[in-house]
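What follows is a set of structures for review.
Each of the next two complexes has chain A plus one more chain, namely chain B in the first and chain C in the second.
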Partner chain A sequence: MAKVMEASGIPVALITALTTLAKDVGAPRIVQGVRIPHPCGNPALPSDRDRAVRRRIVMMALKALQTSVVNPTSFVDPSVLI
Partner chain B sequence: MRLEMGTFPITEATFGPRTELDGTRLVIDHDELAALVLENGFFRRVRIEIVSPGESARIIHLLDAIEPRIKVEGPGETFPGFLGSVETVGEGRTHRLGGVAVMQSAEIPGRGKGGLLMVREGIVDMTGPGAAYSPFSQTINIVLTLELEPNFSDEEYDRTIRLAGLKAARYLARTTVDRRAPQYRTYDLTISCPALPRVVYVHQIQSQGTFARTFFYGKPLDHLIPTLVHPNELLDGALVSGNYAYQSMKTPTWLHGNNPVIEQLYDRHGRDWNFVGVILSRGHFYGISEKQHSANHVAKLARMWNADGAMITWEGGGNSIIEAMLTIQALERAGIKTTAISYELGGADGTGTPLLLYSVPEADALVSCGTYERPLRLPSVKRVVGGRTIRCDPAKGGHHLPAHQSLQLDTSLQMYCGTNQVGFGRRRGIDF
Partner chain C sequence: MTSPIRIVHYVNQFFGGIGGEERADTELLIREHPVGPGVGIARALGERGRIVATLIGGDNYFTERMDVARSAALEAIERYRPDVVIAGPAFNAGRYGMACGEVCKAVTETLRIPSVTAMSPHNPAVSLYRRSTYILPTGESAASMPHILPRLTAFAHRLAIGDAIGPAEREGYMPRGIRGIILDERSAAQRAAEMLKAKLTGEPYQTEIPVEVFQPVSPAAPLQDLTTATIALVTTSGLVPRGNPDGFKSMNESRWATYPVKHLDALAPDEWEPIHGGYDARFARENPNRVVPLDVLRELENEGVIGRLHADLIVTVGVGTPVEVCQRMGEEIVDELHRANVSAAIFTSN
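Showing the complex of A and B:
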């Protein structure tokens, strides 16, 4: 879906735990998510820290949208990884 | 480590006054078996039915399938960690009833838990087109339909259902204890021709949580770091399945003890290769680094074993193909030639993409065990065992269909072991 939408001129940031898979299918802007069951946050953390993690992921996704890319490109904020 | 497996082929099963073996006929004392199943107190009642190949019958709500087995000589117990201590098995002598499966059937309450780890419908058709999807259409099935007492936890149901099946299986195999088996086979990894290439089997199982779990000596493998095991341990019941997540691509306990890959690696051991052992690994890790970590450890263990070749199978579907593929890559990069068995996708007619969710260039020798993506029409049957209606799409809230009628299924995901990746199937994919 990310590929098709990009092709029609809409930048798409794909947040996923499985960056390898996203790269494999050619998604242009790949944002590192946390885990398969919870890509956009970490429910194991206290809620204020989870909120911070979620914010960092979304900020990274916004950065990805503003970056011009040619090939599949990964955007990783190491602090969100467990 | 030398295991002698005595097989008592069974051609017929009936109820009778006393549980015994009469030649190749298994006679079952219904009430005694029922009392054994009910003794843990979680079931309101049990219905025991015998279902034989060729019958116009459909078994539904299937959970595990277990081969009747008993340890008659040597250390440990059948299904160690559940029915006995955790003493290491795989030596001595074990008896099995050939061609028989004990199965539990139960409607486990959904409880709206959602997600991927819920119990999904499992179907065996004993005749017609569905029989080709169900390897267990060829076995005599002793089905325990369990009516659950209300208000127990998922974990309590899960454990009790498993124990009921394992105990029933051992009970039936007890008929063989003082007898000599018509067939014996010895499993021994001793190497007589050191020059032959060394081959390892990588058995990637599924173990994520309740209802999607595999046990090794009774312990869940949810946090498994790849480990070395002796194939005889697996042939002797060390692996027990509690995996009901996707019934078409799972490995029930019956199959862990009769794994065709292990059987065939043994068949040609000392002739075409030396089978050196099994690496047990787990798929479905939730992050890419754990997946890579698991793959790296498998390759490291195979190198420590001086393996020249590896055979890998992977249980379950979805993202666990990533561990399987990364493992192939890590093994090939370590100079170990690797081949795998997998189902394929490709849509209803097999021409769609992708054929696999994920692949690596090193995966250049794959064996297909068919697809589940083809729609399937099952004809009506005379007899339904395990309930009245089948439950479709539980993840979407579930809807029920009368089970005896003809069924139009979008996929064959519910067909029990229809695309299991250890190759115990009646279907395959051919590249043409």
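Showing the complex of A and C:
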């Protein structure tokens, strides 16, 4: 679905834990999520730090939306990874 | 009479009898006997061989820590010296399919042991692994277990005894994109003419050059000015208002919906619920913003970092949905976004 949206002229930042899969099916802008059941958070952290992780991921997504890409490209903030 | 063959079988936490999504983190376990579908395989095998070990791996463990998991699986398999490795069947389970593909690929490429797995043709793992192992087709769900187990067993036995495997369309595995040389008495001109005649008269015909399923797309131009942009939140996490007012199914859903979020600073746990059969919903239930980051986007809107968050959240359930259906939903969503003059989208997926 993300590919259809990109092809229509809407840049899409896809947040997913499974970035290899996203790359292989050809999504252009891929943002590394934390884990499958909680791509935009870390439930092991206290809620303010969970929120801080979320903000970093969203900021990376916004960066992806402002970046010109040709081939499927990953955007990763290593500090959010478990 | 060949000597009995040795099989190592890989299954996930669910078919291994460990548990469901909540046990998807299970690290590699080894049982020295058939487990789950392996019992059916052993029965089909009879005297011809036995499953000397079953490896059980959690779907999240394997896909999120793939290097670690692959090494652990290889090390275990090497110890048991099987003649063939069987993985799955995975049906339409995406992570399980990936794990099966990865185990088979690793074992065949690194240990030179033949391998076979089985899954739905729509499983995303097919395009990634069909060249590296043999993948037999199944239906979407475990209802097709009685159909696939005898076929999987027979194929594995042939691999183990060194039987030559012919072309995909004859043997029933998914095409691997490997070109073998086959002699045909007809020239290319004759074959092309026959194909054209069949096509024009509505008769069935077989292309000699099938086109890849996943077509590349030209990415959209990037946003120039974030501060004036309208960003839409789209999700396949199946997060819907409490009570699931549109009656979304937990898998194989072919509809999408919009829910107003203009009035919300964050998604409250008592107002939203995840309807999605493919991931452990605990963490999304506790805090829905962990799958749809509305709280942060509203904060960024208030700070002026982005122009505007689109008034509606766009939701579907991303599990067991065929590519063609996703394509159609994507096109419909695009109409909606274009109509609302949305500049870009943040799309969350599990």
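Note that in this section the second predicted complex is superposed on the first by the 82 of 82 C-alpha atoms of A that agree within 3 Å, B and C clash if a C-alpha of one lies under 4 Å from a C-alpha of the other, contacts with A are read in each partner's own complex, and residues count from 1 in each chain.
One rule holds in what follows: a contact is a pair of C-beta atoms (placed from the backbone, for glycine too) under 8 Å apart; a residue touches a chain by one contact, two chains touch by 3 or more.
Everything numeric in this text was worked out from a predicted model, so none of it was measured.
With chain A as the common reference for superposition, the partners chain B and chain C occupy clashing space. More residues of chain A lie in touch with C than with the remaining chain of the pair chain B and chain C. When the two complexes are overlaid on their common chain A, residue A:35 makes contact with chain B and with chain C alike.
In the superposition on chain A, A:17 contacts both chain B and chain C. Residue contacts after overlaying the shared chain place A:68 against chain C, while chain B stays out of touching range. By the touch criterion defined above, A:54 reaches chain C but does not reach chain B.
Only one of the chain B stretches 1-9, 199-207 or 397-405 carries C-alpha atoms that clash with chain C in the superposed arrangement, namely 199-207. Across the two superposed structures, the residue set of chain A contacted by chain B and also by chain C is 17-18, 20-21, 24-25, 35-37.
Chain C makes touch with chain A in their complex at residues 21, 24, 60, 63-64, 66, 94-95, 98, 124, 127-128, 214-224, 226, 229, 231, 234, 236, 279-284, 286-287, 289-293, 295-297, 299-300, 305-306, 316, 326-327, 329-331, 333-334, 337-338, 342-350. Residue ranges of chain B in contact with chain A, taken from their complex: 115, 286-289, 319, 322, 354, 357-359. Interface residues of chain A, counted against chain B in their complex, comprise 17-21, 24-25, 34-37, 81-82. Chain A makes touch with chain C in their complex at residues 1-18, 20-22, 24-26, 28-29, 33, 35-41, 43, 47, 50-51, 54-55, 57-58, 61-62, 65-70.
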